[in-house]
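We just call them A, B, C and D in the order they show up, numbering each chain from 1.
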Amino acid sequence: MIVILKNDPNPRQLENLRNWLRSMGLEIHESRGANSHILGLVGDTSGVDIDLISALDIVREVKRVQEPFKKASRAFHPLDRCVDVGGVPVGRGHFTLIAGPGTVTHRDQVLEAAARAKEAGVQIFKAAAFKPRTSPYAFHGLGREGLDLLLEAKKVSGLPVMSVMTSPEQLDLFSQVDLIELDHRAMQDYELLRALGKTQKPVLLRRGASATLEEWLMSAEYLLDGGNENVLLCDGGIRTFESNVPAALDPSCVPALRALTPLPVLCDPSVACGRAALVPALAQACAAAGCDGLVISASLDPQHALTEGPASISFDLMKTLSKRIGLLRAALEASHVQ
Amino acid sequence: MIVILKNDPNPRQLENLRNWLRSMGLEIHESRGANSHILGLVGDTSGVDIDLISALDIVREVKRVQEPFKKASRAFHPLDRCVDVGGVPVGRGHFTLIAGPGTVTHRDQVLEAAARAKEAGVQIFKAAAFKPRTSPYAFHGLGREGLDLLLEAKKVSGLPVMSVMTSPEQLDLFSQVDLIELDHRAMQDYELLRALGKTQKPVLLRRGASATLEEWLMSAEYLLDGGNENVLLCDGGIRTFESNVPAALDPSCVPALRALTPLPVLCDPSVACGRAALVPALAQACAAAGCDGLVISASLDPQHALTEGPASISFDLMKTLSKRIGLLRAALEASHVQ
Amino acid sequence: MIVILKNDPNPRQLENLRNWLRSMGLEIHESRGANSHILGLVGDTSGVDIDLISALDIVREVKRVQEPFKKASRAFHPLDRCVDVGGVPVGRGHFTLIAGPGTVTHRDQVLEAAARAKEAGVQIFKAAAFKPRTSPYAFHGLGREGLDLLLEAKKVSGLPVMSVMTSPEQLDLFSQVDLIELDHRAMQDYELLRALGKTQKPVLLRRGASATLEEWLMSAEYLLDGGNENVLLCDGGIRTFESNVPAALDPSCVPALRALTPLPVLCDPSVACGRAALVPALAQACAAAGCDGLVISASLDPQHALTEGPASISFDLMKTLSKRIGLLRAALEASHVQ
Amino acid sequence: MIVILKNDPNPRQLENLRNWLRSMGLEIHESRGANSHILGLVGDTSGVDIDLISALDIVREVKRVQEPFKKASRAFHPLDRCVDVGGVPVGRGHFTLIAGPGTVTHRDQVLEAAARAKEAGVQIFKAAAFKPRTSPYAFHGLGREGLDLLLEAKKVSGLPVMSVMTSPEQLDLFSQVDLIELDHRAMQDYELLRALGKTQKPVLLRRGASATLEEWLMSAEYLLDGGNENVLLCDGGIRTFESNVPAALDPSCVPALRALTPLPVLCDPSVACGRAALVPALAQACAAAGCDGLVISASLDPQHALTEGPASISFDLMKTLSKRIGLLRAALEASHVQ
């Protein structure tokens, strides 16, 4: 951590600051120039609250040298993490397709969708029973009944399942769900993060609509610090000025996160782009950027069902896309070997 | 609601759509031109899921004419709302100052701060006992013990108090707290919104860092739809590309919300600008934009305490600022009369 | 175009509006409901200034049904455009690599770089002689002398060349340059756009840092409307809140633009991500999203030269990347055929 | 400037870097800890290209301690700048109202508008003759003829005038214009900045839609470095995700710029908020934030003229607003004295 002082700091205040920093076990390297006076802090600064120091009259700015996260940091955990989701390995070279309809609506739908998903090459089936919605008047899912139907689909299809959890009180209800999905609006729901941190349940942690990579990893740190190492990150786009798409898919985050963290990184082009026509191109883009898997909205007869959002693709297209991505990844791997 | 069709829509699909819309009790006005074919829907469209229609092959775009919120809408509730917070009226011409330290740290601090706040003209005292923090390693507040100290400060000072609630399980604990604050990260925590919607507790609903006005009002709608009409809105800045401040205070939202909703609108310059030096100018700006009150971080001896963020101002400055804003508002009112 | 009126519009003002619209040759379809009153305008609305109508007291909102651009619109020009750049076709199924150092610094550098670029599979060589820089104190290029060196490199290598133009006065100077690059800061420099619109010079029009797709295409419309159809679009990322990268590469724009315009779309991962380590992953992502080519910063010995930005890759890596993208594109094409 | 090295830097590369830095006259303070190795550079670093150092393999990050601008910096020029615009002082405690219609449309309009502006308390009259427009099909102003009419209005009314310049070639044409306005799209049009930097013409430099404060001041630095000290800054809002307004007015920039620069700072609520109903509240907000003046769109009969944008207010409202802001400023000054 580096503390940049204002010109001519009050000597008594400066001495107070030095003493306080030393009392936290930090060593101070001081560098003084014509226009700058800097304190370089050496030691474990993860416990130092950057805001407290910034508040001092004599301080111009404080800059971190190290990241504020540790358990999510590649610096401390260099090896790629691999998470087991109901027998399906995610991360460390594996590539995982998670797909399914937005919501469980009735028994036939979820059973048939799971069968079609399996046939299309999907490895983890997804559907929400508890559906966070911006409007109180929208359909919020079938709840417990929907979850039962999803678990029946799991049994029949043999695919592990992912579903959205919205409250710590649902933990028991989700005991047979293989992968807990946290909605992007819940990335900083610390109650939920702490509750899940105490379990060993795999968690898919979606990036908040305007979360920085650091904030996102700090939320992962809540899970990891609680003792749960089964964390997957999933980008579904970030909020920008551009109104052509609901959110701008951010493939830059894939290689950027690779450098910062060993956690698997997935991408969800469906929620980002908001319409089916863009999904294949963006799914390919994310795969080519090197992500560990994709989350895709796919449903039976998207054109006539009137029950799915405009980003849902058909399982036929899902199947084609799954093959294309396999070929694309093979081509990239082949060229690595050359 | 207006449905803009693609050129040459499939006649059978179009007829299906017409029938489906009529089955929802909507009247259809059709307008057909050389380059456009439009369905104008007349009737109550609040139950129509815009995404379902957008998903159809024959539809190019769907546009709302009416807002998706009703109970938060000025169109249906023209009169300015006034919320009673422990005897202090907020909204409908009143101007309310809410201030206090970020966190309760010990008994002397909170008692003295409340006394100083009262003397400075503050009407509602605030301090967090449960503190949402981006890092799991940061100080998260004293919890239940902190809340007890805050309630003691309420008793001694006679000021109503505001404090952050982070979970529906804390409802009983907050029975004596006059105003429940929802952190900006919890604006779309629907479990918390539903739980508070069932009470009559005044709620200060902070705007999410990248929430649109419509999303914000939809979150208010959750509270109102539950039956709780005591809702205050508070802007603490929005997330932008500019890194000079943590968030860009958005005074445009004050007159814009006035047109959309009768709910009181407050502003928090402290969390937005992130440093004390900018607080007075921005507090004045928000007051001049016509907001119903301010939330300001103020603490004892911000320079030496090393316990508050860099945006905290002293109670001496709080007092001066309170007076200035009074004069400013008087000047604006005088000029209205002229 | 759809005009949504406020409730109970003044009848005289409404009649004035109707007459004015009819005087512009538009037909009006009126649709009136309990809560809405809408005018649907049929006819050529490209000459109607949306702001003028919005300004009227009786109007709540005006919405376009058609895009405001025509010559850049796929609706009017369905066939993919192919632009000839010094013998190299860009667009309509071709994939073009444009690469080279940021700036011409001296004769040996530019000649050797061009030779290495050619060997690496690059089809158009690039280097700036006039370099727009945020700071007046930074190196702004060698100017006319640099351009001469670039043209020598063109002659020796046989590669067509691209270079940045900053003023209409440079038109004569650039007569031998095959592709004129417009800096992202100049996307709305209408003087420059008009001047280039009068030529037949191929132009690479970079997207402004916060330009919407519509604004970008309106800038292309300036060139096309002037008579120059040789327009390439190039995304170099958009400005967001995320500070991990200078700009967020926006591959969503590739399929989105495909639907809107027949113009070729290229991507520049180097300027977007700002560091060499991210370039390969992002270059692959853009290619997989279906863009028509890439612009990449590549230079001799990026580690020791101290003359290039941190995003420059070596020509060795450029060569590998060129091959990988070839394989990737072959895999995607193969899967289309299946 | 601080150079943060990666762990275990290559000793030979590190020695090269040290030598190169010393060759630029910089002193190096080295600070080495268990997890960090830092070089503190002391001396004049304004000539050091931060990108060059960042590009080195051994460097993790480079951080500036000092701002990259000098002539626009308050650190070097502590006294508030006052700019004389045709006899009207701007800055250093003065408060200046600049207002007028968006565009000169005909003789009567501009003459009457100037008279009404003067009567309303406006000090500088504005109207565009050369109008940058997003669309090539929109009205781009009357050009030279419009400028002549504006100069006639100047003569008749006695008010100094401001008008938009779009090309260095117009310099002669603008010789009688008192204040040159640079459109927000031209903030980084370096040709225009350099040309104006060689004159002594007062320039109103609008902030780009997504320009950081630093980028904005670097553009001012172009003017100042050329020798023109008559620079006014004007914020017209920044681009965000919020679609309720075209741009989010950013009053935080007023006190933030005060700390960074001695240049006068004005605000334009009209272009930011895009509709007349929001203008008064936002004009008051900017004045209360401490800006040096306002730019406001005002026109004759905005409701019926059909020639102005939706943000134009009437001169009657302009007059009222001018008075209110006077009272508001008096109240703030009075409270300073107390």
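As a working rule, contacts are C-beta pairs under 8 Å (C-beta built on N, C-alpha and C of every residue); 3 or more make two chains touch, one makes a residue touch a chain.
Computed from a prediction, not measured in an experiment: that's the story for all the values here.
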{"item": "Maximum centroid distance from subunit C, chain identifier (CA atoms)", "value": "B"}
{"item": "Pair of chains joined by more contacts [C-beta pairs], C-D or B-C", "value": "C-D"}
{"item": "Subunit A-subunit C separation of Cα centroids, rounded to whole Å", "value": "31"}
{"item": "Centroid spacing, where centroids are CA-atom means, of subunit B and subunit C in whole angstrom", "value": "39"}
{"item": "Cα-centroid distance, subunit C relative to subunit D, in whole angstrom", "value": "27"}
{"item": "Sequence positions of subunit A contacting 2 or more other chains", "value": "210, 239-241, 243"}
{"item": "Of all residues in subunit C, those that touch subunit A in their complex", "value": "210, 212-213, 237-238, 240-245, 248-256, 259, 272-273, 277-278, 281-282, 284-290, 320, 323-324, 327-328, 330-332, 334-336, 338"}
{"item": "In the complex, subunit A residues that touch subunit B", "value": "13, 16, 20, 46-47, 49, 51-52, 54-57, 68-69, 132-139, 166-168, 185-186, 188-191, 209-210, 215, 218, 221-222, 225, 239, 275-276, 302-303, 306-310, 312"}
{"item": "Subunit B residues touching subunit C - in the complex, by the definition given at the top", "value": "2, 4, 27, 29, 31-36, 38, 40, 42-43, 61, 63, 65-66, 210, 239-241, 243"}
